[in-house]
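For reference, chains read A, B, C and D in written order, and residue numbers begin at 1 within each chain.
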Amino acid sequence: MPVPKHIFDPPFNIIRSSHVVLDVVDLKASAEFYENAVGLHVEERGDAAVYLRGREEQQHHSLVLRKASHATCRRLGFKVGDEGDLDKAAAFFSQNNIAFAFAEQPFQGRTLQFSDPFGFQIELYAAMDKRPLLLRRYDLYKGCHPQRLDHFNVFAAEVQDTVDFYARLGFRLTEYAEEDGEHGRIAAAWLHRKGNVHDFAITNGKGPRLHHFAYWVPTAMNILHLCDVMASSGYLNNIERGPGRHGISNAFFLYVRDPDGHRLELYTSDYFTGDHDHAPMRWSLNDPRRQTLWGAPAPRSWFEEGSPFPEQALREPQFVAEVTVAD
Amino acid sequence: MPVPKHIFDPPFNIIRSSHVVLDVVDLKASAEFYENAVGLHVEERGDAAVYLRGREEQQHHSLVLRKASHATCRRLGFKVGDEGDLDKAAAFFSQNNIAFAFAEQPFQGRTLQFSDPFGFQIELYAAMDKRPLLLRRYDLYKGCHPQRLDHFNVFAAEVQDTVDFYARLGFRLTEYAEEDGEHGRIAAAWLHRKGNVHDFAITNGKGPRLHHFAYWVPTAMNILHLCDVMASSGYLNNIERGPGRHGISNAFFLYVRDPDGHRLELYTSDYFTGDHDHAPMRWSLNDPRRQTLWGAPAPRSWFEEGSPFPEQALREPQFVAEVTVAD
Amino acid sequence: MPVPKHIFDPPFNIIRSSHVVLDVVDLKASAEFYENAVGLHVEERGDAAVYLRGREEQQHHSLVLRKASHATCRRLGFKVGDEGDLDKAAAFFSQNNIAFAFAEQPFQGRTLQFSDPFGFQIELYAAMDKRPLLLRRYDLYKGCHPQRLDHFNVFAAEVQDTVDFYARLGFRLTEYAEEDGEHGRIAAAWLHRKGNVHDFAITNGKGPRLHHFAYWVPTAMNILHLCDVMASSGYLNNIERGPGRHGISNAFFLYVRDPDGHRLELYTSDYFTGDHDHAPMRWSLNDPRRQTLWGAPAPRSWFEEGSPFPEQALREPQFVAEVTVAD
Amino acid sequence: MPVPKHIFDPPFNIIRSSHVVLDVVDLKASAEFYENAVGLHVEERGDAAVYLRGREEQQHHSLVLRKASHATCRRLGFKVGDEGDLDKAAAFFSQNNIAFAFAEQPFQGRTLQFSDPFGFQIELYAAMDKRPLLLRRYDLYKGCHPQRLDHFNVFAAEVQDTVDFYARLGFRLTEYAEEDGEHGRIAAAWLHRKGNVHDFAITNGKGPRLHHFAYWVPTAMNILHLCDVMASSGYLNNIERGPGRHGISNAFFLYVRDPDGHRLELYTSDYFTGDHDHAPMRWSLNDPRRQTLWGAPAPRSWFEEGSPFPEQALREPQFVAEVTVAD
């Protein structure tokens, strides 16, 4: 795999992954799941949309649930440094023939929305409305105490090209999985902006689709408690995989499906990656510890299912990598 | 100290400590504290009394809060093997000139109430109403997930005599603290019936008074979360001591005061003591690890304050042991 | 299922499950596993046998590894109240035509060994050598901090008869799984002496064999750490099932296989069962939460493999219950 | 307090706090403490110095213990982006009359050492030797599983000026404590480069001295285990304060003293601060939750004692703020 070089002077400054906008069919059921089982804080509740955030997030929302006729992932949101970065982004997209538009989005102001060359629907903003920090309001904690949105993971049909595109925007590689051999192809890449393992992971698969978005939680105990809560409140079948530990990122994880089938990861443990000489870690596709340092194999659904983006045709991946599934 | 011999054929069969009945001045404030901060389950809520229980208790209540003009500890309750044991107890008390009476208590049926020779107000019963087990209803868990009432700890003015009395009822010594030297006096004793460190601990001090009652919680993490919750919901000053670890019983502990000043311990960690040849562990009064394996010294209030029993005159302890206090 | 009545005056007094004696082929590899991965304390290390114990156990050993040419479970050990109970047991076995013999066993004194009517090899003793308590020697803690041997679980070909036999010895039923319908047969039973969910569990299956023995650990965090340690020290494939939570007993569990294939459970969470009116909990064989409140399905090996007892012919179970397996 | 503006184009690019160099009197005792109680990994052990690192650090060392006749803090180390930043730093210091020198330091290459205007001894480097990542070698974990050096905290006699100086180097304010009133003076400031609460905290006090350096650990359970380990291995009196939770930074903390009296914080919990519009959080000096969200008051030593830097005269602070102490 051609490993992209780290770029320290990108065309504009993306700070981090920020929020996800999901279309959901039953808004009430979806909000109930995220508020009472997962434990996010509902900041704004309307008939058309519900806005939620984690316990340490002062931004108005990191999850937007929108009532819709079909379940899709509408947008993935990244925060940029300041308003000037939005203008620099617009200039860059113009020069590179990437479709974009500015929109005024509720609670998050001027927003640049673009469709990347692979069909991922992304939006950038600089200044979201702020709300009082709830980090020390432990009396309000629920579920697994989700603290902040941490990253997105997508299925990409053209994984190398997608990695190269985001590397050009300044995303830096921390870990990657590839085939063995001289011409081994990349199967998955973990890319960051904010200094931990990832803001954006790109996985070989039928795309463009969202594989999952992830909230960071304080400890594995919170994740085990979420399993207990889900098992005792009618969400047992929404637990898809885990708990277990990935070799990649060393994350202790749980994957759950929301009422519309969107996949959410709760995870903890991570490490600092912000050094300029931080060396990406390579995993052979043949190393099973990559996926599962320990824990039961993932079910087939985890490898195959994901949330499409609106009106984006799906393309088969350029190659098929073998996986170990539970069934 | 004359260490009492373990008696394996007591006059009647006490199974374990079971419940505490507290008189409280502001019933609503008290119930709010135990339900929403501590996390007990309210089984019955009335104008005169509120009944609560822990997450693994099928018995109707382990804590009764009664509206009253003064805050006192009305009764400490123990469960006996069966109805026959109540009759045997009555016979034993008659023979030994101990005042007792039978009463029909709500939700717990035929109840034998007695005042022991030192003024402690005790009640015995065999069959309490049962309620559905909530152990697996994790969706209802609150606070620190208190699981079961575990023990009582009292101030006794005549500590050796009190220990001897309860040893005669079949309580077995697991740990004790005493002065060094040939005629060292006992300062505190931990006595059990159910096979862990204690059901009843007896401490040298102005008595008869309740020092604390304790609920067992699953892990230290639950206790730390309770600190966070109390600090963020107006109960910061109700945290009296801890978290820390006692040498005695190896318990990880937190002591909190309820709105009336009654002291509650939340604790975890313990060990099995049910062997017939289990040897009591002696602690020298001069060993500071006894009180605090690690953690800040206890405040003076912890050594001096307790809940009186109704209409029982207080007596000074027979000797005064030095303690290390925080102030 | 005919649920056996609780017997409160058994022919002799068994206090609890105490120790297991395993024949192992590679004594050094086995001791290495239990000492450095699991974290038991080696009390005595010889060429023919290694004796280990948990962090709160003062008894000389709860696990004996014996060098042998075949891997078997040699004995399951229970502790009785006192020497008189051994004589009462001998009398009872004589009257009931059960083969037994007295032997002097190293570190545990006079020991009554018997073969129960189903081929399980059991030994009883009253007084084992004592060793200094290591509970507060946290500097010596290793692995998952195993605290005490808690129970045995066996495959029995004649499950109802085996349950009835042990109920007659005073074991009390806490939970059981049975077929639905008027004549539903029992598939598994959890029986205790010491006041928690079990000392001895009896499961329908090809028998007599040991399914597993279990050590209690303080928290789920210790179990997760054991997974991490095993995954990074060559024992990944020895993790057979979990972590997860059983509905039965509410236990958070992990099942691992030792170098000889003997199965060890590490578990935490439990509840008090010592009341005389404690009602056994019934689980329908059709309720999947029985096996797995949450977590991946068990692999086939977990249902099928176990440790035989020396020289005991295996018998097929009287009926076959359907199970959900992972493969 | 004049709150310094965030500077996003500093004269050179400091990535993060990186390592601390301590002079210790008994090198063997000191190394023993950090390796076996705290649990750091010894990377290099010599007669004159011992180099240690945390479980996720690939850099050769984050703690250097040097044999010396007096216990001092020799240097605080920060990592810069690349070699060019060292040259830019040299240019900046020349222009601002700050004494500096380049030195070749073992395992960390070209190192720029400077004495800031307040006497703090700092060193900068770009490329330290790398060592294999031990994050997934859980079989080697010890003590409290310290993962990475996170920050330094110093006593400064001229707190406002010191904050201003480091703000000019690009450190951004996240939290601060100040007197109430129009002309309230700053008493402490938390400054970061890497995107969490701090790399460098500056506290009003007799200076220049190091108050503590801190390692991040995965969970509070690891910190409680360290208390247990220290209490049972002769280090009980080295526990100075905690465990507890600071309001500031929301950190769950423990402060321990090493054999030379240098203070080490073990802490967990933190939050992301890398947004350009991240607003500093103000704490009134009159708010007791600042210091202690909950937990026992700090002892006097915690407010008064610290490690001097070699040959730097101590100056009294410009004002004295009242604190609540335990004694």
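As a working rule, a residue touches a chain if its C-beta (ideal position, glycine included) is under 8 Å from a C-beta of that chain, and two chains touch if they have at least 3 such contacts.
According to UniProt, the chain labels map to these proteins: A, B, C, D = Catechol 2,3-dioxygenase.
Here the structure is a predicted model, which is why all the values come from computation and not from measurement.
Q: Look at the interfaces A-B and A-D and say which one is made up of more C-beta pairs in contact.
A: Between A-D and A-B, contacts are more numerous in A-D.
Q: Select the chain at the greatest separation from subunit B, using centres from the mean of Cα atoms.
A: Max centre-to-centre separation from subunit B belongs to A.
Q: So the centre of each chain is just the mean of its C-alpha atoms; given that, what is the distance between subunit A and subunit B in Å?
A: 49
Q: Between subunit B and subunit D, what is the separation of their C-alpha centroids in Å?
A: About 44 Å separates the centre of subunit B from that of subunit D.
Q: For subunit A versus subunit D, what separation do you get between their C-alpha means, in angstrom?
A: 33
Q: Using the touch rule from the top of the page, what residues of subunit D touch 2 or more other chains?
A: If we look for residues of subunit D contacting two or more partner chains, we find 136, 219-221, 228, 231-232, 293.
Q: Can you list the subunit C residues touching subunit B in their complex?
A: Touching subunit B: residues 8, 15-16, 56, 58, 79, 81-82, 126-127, 130, 133, 135-136, 147-148, 194-195, 218-221, 247, 250, 269, 271-272, 274-277, 279, 281, 293 of subunit C.
Q: For subunit A, which residues are in contact with subunit C within the complex?
A: By the definition above, subunit A touches subunit C via 219-221, 224, 227-228, 230-232, 236, 239, 243, 245, 252, 289, 293-297, 326-327.
Q: Looking at the complex, which residues from subunit D come into contact with subunit C?
A: 136-139, 141, 219, 221, 225, 228-229, 231-233
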